[in-house]
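This report concerns only the one structure given below.
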Amino acid sequence: MFGQFLLNLFIALLWLLLVDAPTPEITTFFSGFVVGIGILYVMHRFFGTRFYLNRVIKLINLILLFIKEILISSFSVMKQILTPKLNITPGIFTYKTNLEGEWEVTALALLLTLTPGSVVMEVSEKGDVFYIHAMDIEQSKEEVIRSIGKYEKAIMEVTRE
Amino acid sequence: MTFELAIILLPFIVAACIPIFYRRLPKKVIGWVVLVVPLSLFLLLTTYIPRIAKNQTFSNNYEWIPSFNINFTTYLDGLSLIFSLLITGVGSLVILYSIFYLSKKESLHHFYCYLLLFMGAMLGVVFSDHLLVLYAFWELTSVSSFLLIAFWHHRKASRAGARKSMTITVSGGIAMLVGFLMLYSMSGTFSIQEIISNIAGISEHALFIPALVLVLLGAFTKSAQFPFHIWLPDAMEAPTPVSAYLHSATMVKAGIYIVARFTPIFGGEMTWFWAVTGVGLLTLFWGSFNAVKQVDLKALLAFSTVSQLGLIMSLLGLGSIAVYLGYSQDSIIYTQAAFAALFHLINHSTFKGALFMMVGIVDHEIGTRDIRRLGGLMPILPFTFTVALIGSLSMAGMPPFNGFLSKEMFFAATLKITQLDVFSIDSLGVVIPVIAWVASIFTFVYCLIIVGKTFFGKIKPDILDKNPHEAPIGMLIPPFILIGLVVGIFVFPNLLGHYILQPAMASIYPTFPSTEELTPHISAWHGLNMELWMTIGVVILGGTLYYFLKRWKPIYRWIPQRFTLNSLYETIISFSENVSENLTKRYMTGNLTHYFSYIYMVFVIVVAGIFFLTDSFEWSLMSNSSVESFELILVFVVIFAAVAILFTTSRIASVLLNGVLGYSVAFFFVIFRAPDLALTQLVVESVTTALFLICFKFLPDLTPERTSKRVKFTNGVISILVGATVTIVGLAVINYEKFETISTYFEDAYNLAGGKNIVNTILGDFRAFDTMLEVVVLFIAGLGVYTIIKLKAKKGDADIEN
Amino acid sequence: MKETIMLVALTLFMIAIAILLYRVIMGPSMPDRAIALDTIGVNLISAIAIVSILLNTKAFLEAILILGILAFIGTIAFSKYIERGVIVERKGDN
Amino acid sequence: MNNLIVLPLIIPIITGIILVFLRSSIMLQRVISIITMITVSVISFLLLDIVQTEGIIRLDFSGWLPPFGILFVADSFALLLVLTASVVTTICLLYAFSTIGKDNEKMFFYPFVMFLIAGVNGSFLTGDIFNLFVCFEVMLLASYVLVAMGGKKVQLRESLKYVLINVVASWLFLVALAFLYGTVKTLNMAHIAERVAEAGQEPLLTTVAILFLLVFGLKAGLLLFFWLPGSYSVPPAAVQALFSALLTKVGIYALIRTFTLMFPLNQEITHTLIGIMAGITIIAGCLGALSGRDVYTIGTYNVIIGVGFILIGLAAGTETAMTGAVYYLMHDMVAKALLFLIIGMMVYLTDETIIKNMSGLIRNYPLFGWIYFIVLLALTGIPPLSGFVGKILIGQGALEAESYILLAIGFASSIIVLYSLLRIFLASFFGETTISFEDRKRIPKGAYSSFILLAISIVFIGVGAESLAVYVKDAVNTLINPSVYIDAVLKE
Amino acid sequence: MNAKEIIEWGAILLILLGGIISVISALGLIRLPDVYTRSHAASKSSTLAVLVSLTGAFIYFWFHDGYVSIRLILGIIFVFITAPVAGHLICRAAYRSRVPLAEGSGEDELKPLLFANEENKELKIDNN
Amino acid sequence: MESLIVVLVGILVSVGTYLILSRHMIRVIVGTAILSHAVHLLILAMGGLKKGIVPLLGQSEGEFTDALPQALILTAIVISFATTAFLLVLAYRTYKTNGTADFRELRGVSDE
Amino acid sequence: MKINDVILRTVVKGVVFIILTLGVYLFFSGHNAPGGGFIGGLVLGSGIVLLYITYDLETVHKKMPFDFKKVAALGVLLATGSAIGSLYFNAPFLSQTDGYFNIPILGEKHLTTVTIFEAGVALTVIGTLVTIILSISEDE
């Protein structure tokens, strides 16, 4: 229930932002809240799980991590593209994670996908094993193993007590 | 309401009552009840004779569609009186006859209903002064005749005969209608009498001759004139009373009526003279010539009717010359032809009616009408023989019967006309009496055949087995009344001439001052003149020909079957059916691709054609806005994506490329300052693509187009032309800047409609109605998708296909 | 000058789209085309942003978000189609 | 009260939607739909009467003055067609009750009919050319579903073609609209007329007009009728009747409006072209009708002939000719509806479509047979039935306009109409009866009542032509003097 | 040139940078050997191109018009979140629909798991 | 720009027409989609392109671009979407019942 | 190996809110900015369709048990009904009224009957869009 309330606030905020009034008004926020109630009513059955929003700072950290990763990985891809002669050995490898729960798994998978040279192709049925395609398998393997602990920690800081 | 209207309506009213009440009446009674109608009408009409004889006419107007000058105008004069007396008189006799002729098992209510319809229609024809109402009744006679011919519709021949008669007579009627419309457009009135009185004003009109021809077409088809006569023999499939009534005494004479009625209008034209006389004579000859070869008595009578109708027609043609010449002492003489026509019209009805009834009796009692199986019936059917003999001799033009009188007058008229030198008669005229004479010889021959082959000679044994006997008295009374008239008219022709024919002559020659002059004195003996010599020749030559009939009859086989008019008709029918089928099938292939190419070709030809014909192309870059490089690239992206769709072999690729197009169009909308459009286009494009993908589950992948190079090339050319047409017209339209757009009004949207998004205020307010309906469209589509998915034909549902 | 640079950027994005079009047309595999279309959509987002600046209007900013959403939905739809032949499954399919 | 004139469109729409909610109760659906159509018929008749006394009425939606908003304009011409269409639909519904089948009824048959008639009525009434497009689409979408209703093999095949052709036709309509807006910069039909007149209908405008000629021609089956025989042969009889009565007529209506109101100038080009197209249409229709060996082919090609014949009236263009066209339009709607209802019943009774395989129907169903005979006569133009007045007025008009070839083609076509329909009568109704009286299928009462009502209408339009004359004349007055319409719309 | 000017110029250069990155990654989609490697270019550098240019646009609007566009931010976030998901889904779909890895690829630990039983079968579903 | 767009429209129309003249259902339907794109651009071009500002009041100064064609296109887009949706479903139902997606084989009448 | 959609489903859960909110926003903003009933409805509909794509028919149907045909019908009814309302006031068909109303909490608001009309439009779009996609997807 609490999570949903937060979500509602979030929608109201979103609303306020979307309306783009010159100065934010409380009435706009309220109407956003009403809109949120509507949406939540339609959607509430999708939300069996809890929703944590109070770890904003951790979240920001995580987001920054995301940004950093995309920057690095993009430039490494571009480097590959612009290299006159392609010298890569693509391949698929597996990685087993300790994270559990859909949000954690998803966040990690996204992070891994943003990691230079790797894209998560499959998640095992249990959600514990990732099958990762690597642009250059040797290099990526190393890189993933190096940074994965860092990722898992950043995620857990947001998701766990 | 006047009597004339009542006369027309009574048969219809009774006809309408029959289907309602017939179940409550005993079957026998229907006929007797129906008989009351013509009988009472006949008696009523006789009361008009004295007044009509004084050249009174009776005219009444009843409004039907006054807004378009369509009114019910009855007009009763001498000409209509003759016909109406025939219609009701012969009608009475025929109904009396039919009561005994038709078996109780027949659906008598149908029969009498049709018969009364016909009677009413016929009376309507002769009593109508209004062209369109006349036409209405005219077609109704065709319709009722159709129904009567098809009375035994389980017989194939009946249906064929009915179809033929209806097709030919209604077609003629339609031609006549066009003629009537032309008369109206020339004269501004639908009233025959008014047209007659204003004839000078229209006879120079360019449409006058076409109108004449079209009206004649109607008359000729109805009166079975060559070459339209072919329906009449086939119409003999009708019950014999019908043949006696419609197809000899009345309906076929409607054409005669029309010609007589329109003689004051068209009579002065050479076309009229030659068409009516020529076609009449040709019909006269052809009918009599062909009658001889018939073996079915009824068919023989049918051809004889054709021939006699030709005779009457030609007489009216000859009489029309008097109209051309105008009133003078010299021209009076030519009116006698018309007089003879009317006279013979009545005579023919008497003897031909009697003959048909005779044949009906033979058929009824003996069971066949085939002269090859008949013979020697005189002792068995003595009364019937009497009818046959008198009727035939009258028809052959022998004294002391009425046919003799009119035939003599006919010869006289043909001879007189040769002395004229108008309408190139001086060179061609001599043919007229010759044809008349030759035709009369054949007439004599077939009259002998009727009597000789049926009543003389040896009786065939198989007929005797049936134990034939004379007909019941009820079937004999009507023909005896008729042959009584045959003799009676011969004895007192001038009574008829004075009271009946003279007023009718006044109708044909309204401009001639004295009707007395128009009425010759008819006498049986007028000296040993040329006419009589011709008759004597007829008897001698005809007798000889009859005697040697077997010797020369094979000449009929000279004309192969497939060159006869009948087979020509059949050929035309089947040819037009086949040709139309082939033609239609050739382009109506059912192949959608073909249909599209027709549409596109018409589009290109018509639009581009008109565009260039009218020299509409104007174009300049003056008012065009600038093009940035990125826009140019986008244009090329669109072009490449579009062209690539043509070559792709995968459905997904084509849908994806269509998506590229859609997104590019959306971006164009961005560039062209259309935010709402861009948004909508983006969403719709994506949803459409998703729809494609969802539906692909049920659809096959693309296959290479297995079309020939030629087809591909043609399609390519068509496509390029279509695109080019849109482009050139589009360029010209851009260049066209004459008007200020109404859109500027919407720029005040905030004040008017309280919104700042102009497009949205248009959609939601100014043109909200469009939006409302567009929502409905969307809803229908959604519901429709649901319906056609859920509603599947059951296994058992047979697909009925053509 | 600013406008010229932005026009250059816009042209660059268009060039990218044109290049991607090659991938859409040529494939060879279905996922190749899908990726390329997705990327075209994403590039269009930038293009719309630049046009918005050039036209000095906020009217198209919704389009940016929408395009992002649609490109995403589209890619999901395509990948499901490629993977399973069905976009909307029933339970027990799969 | 001007709002009245939106009712012929809005009532069926609302009913259609409500019927969606009443899906399970077929009885209720029937009752409501028939009441709706009767109401609409009555309203349109009232409107017709009001227009006689008060002149053309218009309704500016949302109150926006023309030419800026959308509006409905009710003149006698539009209202006569609305009235006829509504009456015919009412009667076809009666027929549908007993024949259409529960499956279809549950699958929103009545809502689709409601939407169809709403689109048709909207097309007749609208005074805005783009709104005409939208109304067309309402009508078309409903017709798409109705053609396919039943889901049989042939139906789907033909309806797909029908839909595709119409999609292209609608596309052409949009192209034409684009060019129209590009030139005259307005959408209000009266305003267009005014501007076109102001520009003297220059060649470019004539080209645009020609484009509309093709667009509406495609809908009307004028020259571009290829789609018609196939798609009109497959749906249930009630739908066939509705289609042949209404759909092509909407196209004809649009053609008449376009070339009397918006593009009346430059007739040497436009009307000549219409004349040529009408002539070819009639000839092709005659060939098709002659070629037919089954009831559907003969019936559908007769629809095509009818279209050509009416447009002779437009091509001739004189007052008389237009009067004839209006009469003939009404006649054709009623008569074609009846023809197709009868054809459908024949097929139902015999499970045959080839005429020679049916025989002697009249013995088991005498009234049915005679009603067919009446239609036959009416369609041939035999007086005093419905076809007569229209036919002779068109004939007179053609004479006035000296269009002799069209006159000849038009009247000659009557012979083919007669011949082709007579073939059905002789082969199918007459002849030896193949099914015994005891084994015969029964004709449902509802079907009979619809036959009788339509037959009565046929007799009424013919015999009672005078009672319609005042309306028809008023309608034609507007067509001949477009300024009447323009003033009613643009001058307050 | 004041601070506002400078920031505006920075925004514009960001946009230009985005354009350049975009072209490069588009080239990547042409150049890279198989769909999986191409998806790296799509899901990373193309995304970056958009993010960079959107950021530029955001900054420009902010400093030029004083307009903080939340929609732009939302757009950025949206693209940012969804790009890797899209990459993931497409790669998975490609693999499951048997689009082959490029020649010269290294190990493939997924193959035994998915297609263990059908080693050498050439299978294709709607895949060109 | 207007002329360029009109030419582009012409090319799109040609492509769409060619596809519509194909035998395969899907090509024909894609053809209709392309025709729709073309005509939407055409309508827009008829109102003049890039000749004013976005038709939103109160955002910037200047003459507005013609908003009416935009509204018309919006309606047209929705209608064409509705039609396309129906068309697609009809096409696949036809394919499933008739067993072919080839219009030459869907002729009916004459070949049966 | 069975497909594990965890990533997709998780992200969609978040993303759908953005989409739906945007949809509602677009719906309301149409009067003064790009948007309106149509686009709003389309975006909302797309959001629902996204759910169907991500999950499966049954799951979504269980959680959103609407008959979308009736949603669409209701939409049309609203759109036409708001138009018919004007008949009652003897104003031309489709006339819209608007005014500024003081509503508790929300304060003074500009309300017009256009909003009802637009809501009808939006509902129709949503209902139709989902009906179409569901009908096809349910087809065997």
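We call the chains A, B, C, D, E, F and G, going by the order they appear; numbering starts again at 1 in every chain.
Note that a contact is a pair of C-beta atoms (placed from the backbone, for glycine too) under 8 Å apart; a residue touches a chain by one contact, two chains touch by 3 or more.
Predicted, not measured: the structure shown is a model, and the values here were computed from it.
Separation of chain E from chain F in touch steps, taking the shortest path, is 2.
Distances from each chain's CA mean to the overall CA mean are smallest for chain D. Interface comparison, A-G versus C-F: the higher count of C-beta contacts falls to A-G. Centre-to-centre, using mean CA coordinates, chain B is 49 Å away from chain F. With centres taken as mean Cα positions, chain D sits 27 Å from chain B. Computed centre separation for the pair chain C/chain E is 10 angstrom, with centres defined by C-alpha atoms.
Contact with two or more other chains is made by residues 13, 17, 20, 61-62, 130, 134, 137, 141, 144-145, 148, 151-154, 156, 160-161, 164, 168, 175, 178-179, 182, 187, 230 of chain D. Within chain F, residues 20, 25, 28, 42, 45-47, 53-54, 56-58, 68, 74-75, 78-79, 82-83, 85-86, 89-91, 93, 97, 103, 106, 108-109 each touch two or more of the remaining chains. Residue positions of chain A with contacts to 2 or more other chains are 14, 18, 20, 109-110, 120, 122.
Those residues of chain F lying in contact with chain C across their complex are 53-54, 56, 59-60. Chain C contributes residues 2, 5-6, 8-13, 15-17, 19-20, 22-23, 27-32, 34-36, 38-39, 42-43, 45-46, 49-50, 52-53, 56, 58, 61-62, 64-65, 68-69, 71-72, 75-76, 78-83, 85 to its touches with chain E in the complex. Against chain G, the residues of chain C that register as touching in their complex are 58-60, 62-63, 65-66, 69-70, 72-73, 76-77, 80, 83, 86-91, 93-94. Against chain C, in their complex, chain G makes its touches with residues 2-3, 8, 12, 15, 18-19, 22, 26, 33-35, 43, 46, 49-50, 52-54, 56-59, 133-134, 137-138. For chain G in complex with chain F, the residues that touch the partner chain are 32-34, 38, 128, 132, 135-136.
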